[in-house]
C-alpha cells in the first residue's frame, strides 16, 4: 500500500493497541522515526508507556538514531523489553 | 548449527543428536521449563511466546557464530518454542558440544544469557485465577472421597 | 536424587525425566562422550571403566548432598557407565534441576569436576592399533568398490 | 579366611599385579598400613610405581595415616589416580 508504513507491535505494545500491525500514512518523503513514534503515542495513549521502554527496528535492523527517516513501504517494529527463555 | 523457532514441543533427545560430532567429548545442555509461578492474578498455567521471527533468526545466528569463534563450539542448538507452552514443558533448549567441557559450559551459559537479553522473543503469562473461596455443601452422607 | 553405576547405556531422556519437579525451571545437563583420541598405541575405539563401587556410591552421594545444600539443587542425576563404552557413546551424565539457571550451571559444573577428581572410577583405553602400511593386491579387473 | 587381609587393586595397580585381588597373611595383631604397602611393593616390583601415586582405602574409608593398623579380615584397597568421566 503506497504512502504507508507498516508498524508491527509485539507483547505489551500489541496488547496496548489491540492489534499486531498498523498501517500508518506518512509523507511521500518519509518522516523521522521520532515523529512516527510521537504520533503513535498520541493516537494510542495506552501505547505511550511501552514506547518509552522499547527498542525499534526499521526494515529488520535496529534503529540507531531517532532522526533516521521512515518512508512509505518501510516496516517499523516496536520491541518492548525481551522475555525469551 | 541448529536454530529453531517452533510451535511444536522441543525434544531433548533430538537436541542430543544434533550435538553429535566426531571427537566432541563434552556436551552441555540447558533446558528451560515453564514454572507454575504464583502471580497477583493467579497461578501460571502456561506461557504464551511470540517472536519477531525474521529478526530473531538473525540474532540467534549471530550468537551461534560468536560461540563458535569464542569457545570453539562445533555443534550448537538454539531452540525456542512459540505459542502456548504449558507448565512443566520445555520452552527453550540451548546445547553446545565441544572437545572439552570447560568451553561447553561457558558457551552454553553465554548462549542462554544472550538469548534472554537479545533475542526478540516475548512471553505472556496465562494464569488460572485463584478461585473464590466458596463454602462447599456438606457431603451427603459419604465418609471418604467420592 | 539419582545415582547410577551401570554397565548399560545411559539415556539422556531418562535423565531429563529424573530431573522433573514442580517449579524447577532450570535444567543443566552435562554428557561426556568417548572421544576417538589418537594415542601412541593407536586410535581409541572404546574406554573400559571400572570402579570401587561401594565407595564410589558413598562419594557420589556426598556430592549430591553438597549441591543440594550449596546450590539448592532439588533434583540431581549422577550416572556413570562401567565396562566397555565405545567411541561416541555417553560415559557420564550429570544433571541438575533448580528454580533458576545460575545455580543449575554452577552445580552441574561442580558435580562433574568433583566426580572426576574424587570418585574412585578409572578408565583404560582400548585402541585400534595403527595398521601397518601394506600394499594392497591389485583389484582383479574391477573398477569401483567391490 | 582368618589371618589374611584382602587387598583390592584397581586400574594400573590391577594391571601391574595381574589380579584384582590378593589375600595377604598378616600378624593376628595386624600390621601398619605402611608395612603392608612396603611388603606389597617388595613382592610385586611392578606395583611399586603405582603405590607411590595411590590413595589407600581401609574398610571403605580413606586411610588417614600410614600408621593405622590393618588387621586380619580387613579390606585394603589401592586407588591409583582417578579417571572417571
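The first chain written gets the first letter, and so on, giving A, B, C and D; residue counts start at 1 in each chain.
Criterion: a residue touches a chain if its C-beta (ideal position, glycine included) is under 8 Å from a C-beta of that chain, and two chains touch if they have at least 3 such contacts.
Everything quoted here is computed from the prediction, not taken from an experiment.
Computed centre separation for the pair subunit B/subunit D is 50 angstrom, with centres defined by C-alpha atoms. For the pair subunit A and subunit D, the distance between mean C-alpha positions equals 76 Å.
Averaged C-alpha coordinates put the centre of subunit C at 28 Å from the centre of subunit D. Under the contact definition stated at the top, not a single residue of subunit A touches 2 or more other chains. In subunit C, the residues that reach two or more other chains under the touch definition are 32, 112. If you draw each protein chain as a dot and join the dots that touch, you get a simple line with two loose ends.
All chain pairs that touch, listed by label, are A-B, B-C, C-D.
Of all the residues in subunit B, the ones that touch subunit A in their complex are 32, 49-52, 54-55, 58, 80, 91-92, 112, 115-124.
Those residues of subunit C that touch subunit B in the complex are listed here as 12-13, 16, 20, 22-37, 88, 99, 101, 104-105, 108-109, 112. Considering their complex, residues 8, 10-11, 14-15, 57, 60, 77, 79-80, 82-85 of subunit D touch subunit C.
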